[in-house]
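Both complexes below contain subunit A, partnered by subunit B and then by subunit C.
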Partner chain A sequence: MTTEITYNSWFAEKMNDNGIHSQWLTDHHPASMPCLQIRLLDWAHTARLARQLHMRFTALWAAEGGQHDEHTLYTYMIFAHSEHRHVMIRTPLRSNEPTVASITSHYMAALRMERSMQDMFGITVEGLPDQRHWLKHQHWPEDAHPLRSDFPADTTMPYCDGQYPFIKAEGSGVYEIPVGPIHAGIIEPGHFRFLAVGEQILNMEERLGYVHKGIEKRLQGMQAEQAIRLASRASGDMTVAYGWAFARACEQASKIEPPARANHIRAILCERERLANHIGDIGAICNDAAFSFMQAQMQRLREDLARLHQQLFGHRMMMDLIVPGGVSVDIDKHAQQLLLEQTQQIAAEVEQLRAIYADHAGIQERVIGSGVVTPEEADAIGLTGYAGRASGLHVDERVEEAYPPYDQLQVRIPEGKLGDVATRVWVRFEEVAEAARIIATLLASMPAGDICNPWTPPEAGVSGIASIESWRGEIICWARFGIDGRIDRCTLHDPSEVNWLGLELAVRSVPVPDFPLNNKSFNCSYSGNDL
Partner chain B sequence: MKQTLTLWLLNLLQASLMLLVAPLLAGIVRKFKARLQNRRGASLLQPYQDLRKLFSKESLFADNSSWIFRTAPVVIFTATLLAASIVPIIVVDLPSAMIADVIAMTALLALARFWIALAAMDIGTAFGGMGASREMTFSALAEPAMLMGVFVMSLGAHSTNLSTMVHFALNLHHLHPSVAFALAALLMVSVAENGRIPIDNPTTHLELTMIHEAMILEYSGRHLALIEWAAQIKLLLFASLIISLFAPWGIAETIGLLPILIALGCWFAKIILLAAAVAMLESALAKIRLFEVPNYLFTAFVLAFLGMLVHYILEVGVQ
Partner chain C sequence: MLRLFRKALRGGVQTEPLADAEHEILRIGQQLEPLIKARYQGSLAIRAVDGGSCNACELEIHATNNCYYDIERFGIHFTASPRFADMLLVTGPVTRNMETAVKMTYEAMPKPGLVVAMGDCALDCGPFGRDNYAIAGAVSDIIPVDVTIAGCPPTPTDIIQGILTAIS
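After this line comes the complex of A and B, so read on.
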């Protein structure tokens, strides 16, 4: 099978110009995004070069080498560019005392990923400005590094008394408000530590990592068909997008293309998921400002979507419909008709509600100008999804990577710049309309044929990578296969990993009671952040 | 002697009515709100069931809570109920109205507020302190506005006694502009005092946005029930106060079965109208920013003050 080389040789040339030696690893790496191996000492230089070239940093992780290479640790990172394909870079670490230089000074978003890497692999990240644990619970033993292969999944860890030192502030009138991890509403656990003077927030610090489920560890040794069910539960409200990301990573590894009809169905499901979540969140944002009318209406529409999913696919949130090789459910003529009618009707109703929202002085007064993330700040941390698109970062994997079927579509990206709650809501209203348009286009051009190609796992050591635009932002999934077609190592990157930083930035200038409104306007995932 | 006994008995009945109808009012408001949002809503009797549930549940206390925390619900409940018994709703010239005037009523409500803030700070949680700080800041602005609004009526009635003021209101035969100002001010204050939208959201679960609810987060069981009930009584109190001062038509000026039944019917009908108005308001408005609340309360104060000026300029000597 010959694949046209569409990968990013541009960055390799730039690296070469800057004296960074790199080598393409085409064996065992997906043709769509082959890996560029660099020397350990060039790690931070590469990040600096990427920053100079205005590349976007999307993910960073560590993994032990595949077959016959189990004792070498590698660190990986991915950069994106608006005019070139994504580029994946890796470097081998020394086997005794694995150490890598921090790239946080170039890309702020790397901070928590590097902290996670320290926690999970025991890799020392040099020059990391924040040496505290991130995902590792403070009561875990210091030498426990759960993702290393010499750490059995069934290890019982002894309780070790530990502390998580929060940022402190002193001065008269400064006080702390600890919120969570258990909240009054039915939401996921997470701790927020506010430092405030009167009602003004000085600093808000997040402490996540209360939902560690060991998904990455559990995925190891699973067959792809089972593994996809677990991967698509990384964050339940993005289950379609996670399933798609995992399936596509597997398909890249074994060089299987799903049938055109399956790609269409995947995109329809993914856009329906976008529709449901944006609609639900717009209502919830209004409800946080006590505008309950909008909440009641939006919940009703969201419920309608979920009921049709239940009727057509047997699951309200469309779980487990995507399988490696294709999809497990077809959308027949009757279902196409139902989906089209409902999508258009709901989009029309949302437009009516949008007019009410836009004319309502009370809610507008709350959302306009609240929680601003400027385009400069957004660029510094690399916000993704609607949070990025509201702050001048108009990136979308459906356009940048243009995975099928989006290569046949023109996805319109809403271009927000002001970066406040109002703009984030505006972006979501725009995306609701756009998702409805895409669904209609896809339904009208549904190709005939199979919905699934047979799945055959690749040989041991082969890896695949995919980036999928979920409703929250880009999901990155990298998976490597071992013997017998089992997953050897898989990493999933949630857009929230980056966007949580955006929330911290946004609320520096808002009063304490405006925090929930801002939090909901970002609506980051707790679960996807802590696999 | 027998006359006095009957009056006290009626007074007791009136206070019990406040006590028993208060949860129903909460239920009616919720029902109206639900219907306005195309929801079916819970039963009208749901607040009673909630109270029964809370009374039968165990009360839990923080280890570091003092006697203040345990006593506060009783004080809050008693003070609110006493304040409510002062307002004439069915019959005027009852003994409680004779011995306590509107200033006493405001003082009783302030006492309840003082204790709730004290209890909120007693356990030393961040939310309690935050809620207490917000409550006291806003009440410092709400109380003058409320007193000023009531005083506009007092000026006309030449009394701070609520019964006398009801008589005055019943005998108003043409529109007094000052009364309109006072009504506007009191309506605004009532919304703020009862923690309703757009000032506070009684149904929210978001601790950081709360004012009243933040102070009672640590309460449970029968202690929470008492506080919830007191809040419902307070809402009914303000509704009744507005009705008695500005629309007392139908209230029994003589004692007899028929006048009392008519008064009861009129009062209840007016309460339902007010509940509908509250539900409309709460469905149509969003919460205002916290820093806008002082402006809102100041507007209420200015309205009341204007009412007073208008009274002196236009109405003194007219009667």
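After this line comes the complex of A and C, so read on.
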């Protein structure tokens, strides 16, 4: 168990060197991921400095003030450095006509988050190169800003007329293909607008927000024990990682560490989730190139995983096992044995299948060189998870933040560079093997003791943050508490918010029929993006 | 290629009669086979629609196609177009941003057609709640529903049972 007490002042010192004054906020935890308040006029300069220091941008959001400053509206952003960890920056906005400068010119990935912030809060983002609404669809009233406190959660909004102008291209032979929101397969809804010439994609534009469920608004006013059920359903296929991110943000705020045994169990569940999703997706990618043998084999293995979860934990996807303070289920000796045997047997089978995949000219011909995101592009947008690791961005929160129990492990990160579908698949094969190794290591070193510490919420106004490496990439959760231990603002950031941009970049050079293959190789979440 | 054939052959047939508790469904399934033959020319086409789910329900719908459940053996398959569908299988609370698309899909389906609302959210909006600006309602608030399947998410067995119940 690690306890961070020293304030991580690295970025504050750098800002100071550049004439940006900042104040460390003591009602935010942990101090290793500090929150620094800056002046409004320094907002964009700070982002520029972070870019110069080769920091990653991970999230941007707004919040109304907490217990003691209800009338202030704040904007927040987070940067991460491979050695100096995360830092949160916040600035107060003017109360009449709240305005903030755009940081999109420094970090492209901020664009959609700034658009969402305009939609949700009515904040004007100055210099934003794209003023279209994002989460707010064309039929919403113009003055609806759901995350403002004067907007009741149960508001019934009238339907309005509106248009969403897509990017156009002119010239002979250019045509549009509108796809969605309901897709051909059994997947989540979203709209893709292709501009194509013949079979070649010129541009693909995403229009998301269809599964916006008002999760952040609904979390407000909930007790943590109740809220975690909702946070765990931000994206159902990452339920363990979301539960962990939310629980850890709350625990950081309250300065509660779960027992060592609980951390071990959380990581075992999270790695099993990684196995199930990587295995399922490798099968599905192959299926999109008509290699159905691999699909049949991989879905069989995925089902084996789900069945053992049902047997041991009472839920095929391991939902609701993580609670604030620890976990609700123990892994006894017998369960440890079953988990170890199955994990190793499945990892061995995946290796066999990997040899078949590597040997199969038909699938290799489709995946090699398709949908390239170069390391420069990946760095420009801050690609995360396996998509980043396939394009030279070898970031992993299990190493960077090294939250327990990963602080005791040496996680091996696959280091891909080529950034095509083949490399993204390669990273996932590598991570299946690594997840299996981690599960075996954790099972062999299970600490004795309790699985849950009592949960007590912090004082009103206190907030906590966590960054958890889900199978898709980095999840950020920030939670601030109000009176009676209720959440008064919580934000969740899905890795897909950034990785959706990667897909747009990847498919600029591929023929239309290769889009599904590329889409599956990123497999971004719609629900986690739209919240 | 030899390795591929070896793997495929050694794996053998994994499709199973649904586990003990579900022998009931298999029985219903067998009784229904002549019914599906007569009413649906031997094949029931389903259009799955995500009205706003968290994606857990979709994963379990996928699982009904894996070799253990092999839903196609009952003459059931998933179609890309509502125009060919005999049944809509709708998941999620219907979000405001999906309401129009869900209604249009229903209208595009030839009638008479069946609608199955799948998962706790489809039934009553689940943890997302009806009293939510972003949620248009449960599936039955948007389009007429014939059968519901409870669960968060329902297991593949629950799904198959629900579909068979809808047909009978």
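Here, the second predicted complex is superposed on the first by the 520 of 531 C-alpha atoms of A that agree within 3 Å, B and C clash if a C-alpha of one lies under 4 Å from a C-alpha of the other, contacts with A are read in each partner's own complex, and residues count from 1 in each chain.
FYI, a contact is a pair of C-beta atoms (placed from the backbone, for glycine too) under 8 Å apart; a residue touches a chain by one contact, two chains touch by 3 or more.
Since the model is a prediction, treat every value here as computed from it, not as a measurement.
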{"item": "Partner chain(s) touched by A:175 [first = subunit B, second = subunit C, both, neither]", "value": "first"}
{"item": "Partner chain(s) touched by A:296 [first = subunit B, second = subunit C, both, neither]", "value": "both"}
{"item": "Subunit B versus subunit C as contact partner of A:199, first or second or both or neither", "value": "first"}
{"item": "Which of subunit B and subunit C A:360 touches, first, second, both or neither", "value": "both"}
{"item": "Touching partner for A:184 - first (subunit B), second (subunit C), both, neither", "value": "both"}
{"item": "Which of subunit B and subunit C A:137 touches, first, second, both or neither", "value": "second"}
{"item": "Subunit B versus subunit C as contact partner of A:286, first or second or both or neither", "value": "first"}
{"item": "More subunit A residues in contact [subunit B versus subunit C]", "value": "C"}
{"item": "Touching partner for A:215 - first (subunit B), second (subunit C), both, neither", "value": "second"}
{"item": "First (subunit B), second (subunit C), both or neither touched by A:316", "value": "second"}
{"item": "Intersection of subunit A interface sets (partners subunit B, subunit C)", "value": "184-185, 293, 296-297, 300, 360"}
{"item": "Subunit B residues within the subunit A interface of the complex", "value": "33, 36-39, 126-127, 129-130, 134, 197-198, 201, 203-209, 217, 282-291"}
{"item": "Residues of subunit C that touch subunit A when the two form their complex", "value": "1, 3-4, 7-8, 11, 14, 48-63, 65-68, 78, 80, 92-93, 95-98, 100-101, 105, 126-129, 131-135, 152-153, 155"}
{"item": "List of subunit A residues in touch with subunit B within their complex", "value": "175-179, 183-185, 199, 286, 288-293, 296-297, 300, 360, 362-363, 365-366, 511-516"}
{"item": "Residues on subunit A engaged by subunit C in the complex (per definition of touch)", "value": "137, 139-140, 144, 146, 151-157, 181-182, 184-189, 209-215, 217-218, 229-230, 233-237, 239, 280, 293, 296-297, 299-300, 302-303, 306, 310, 316-317, 319, 352-353, 355-356, 359-360, 525-527, 530"}
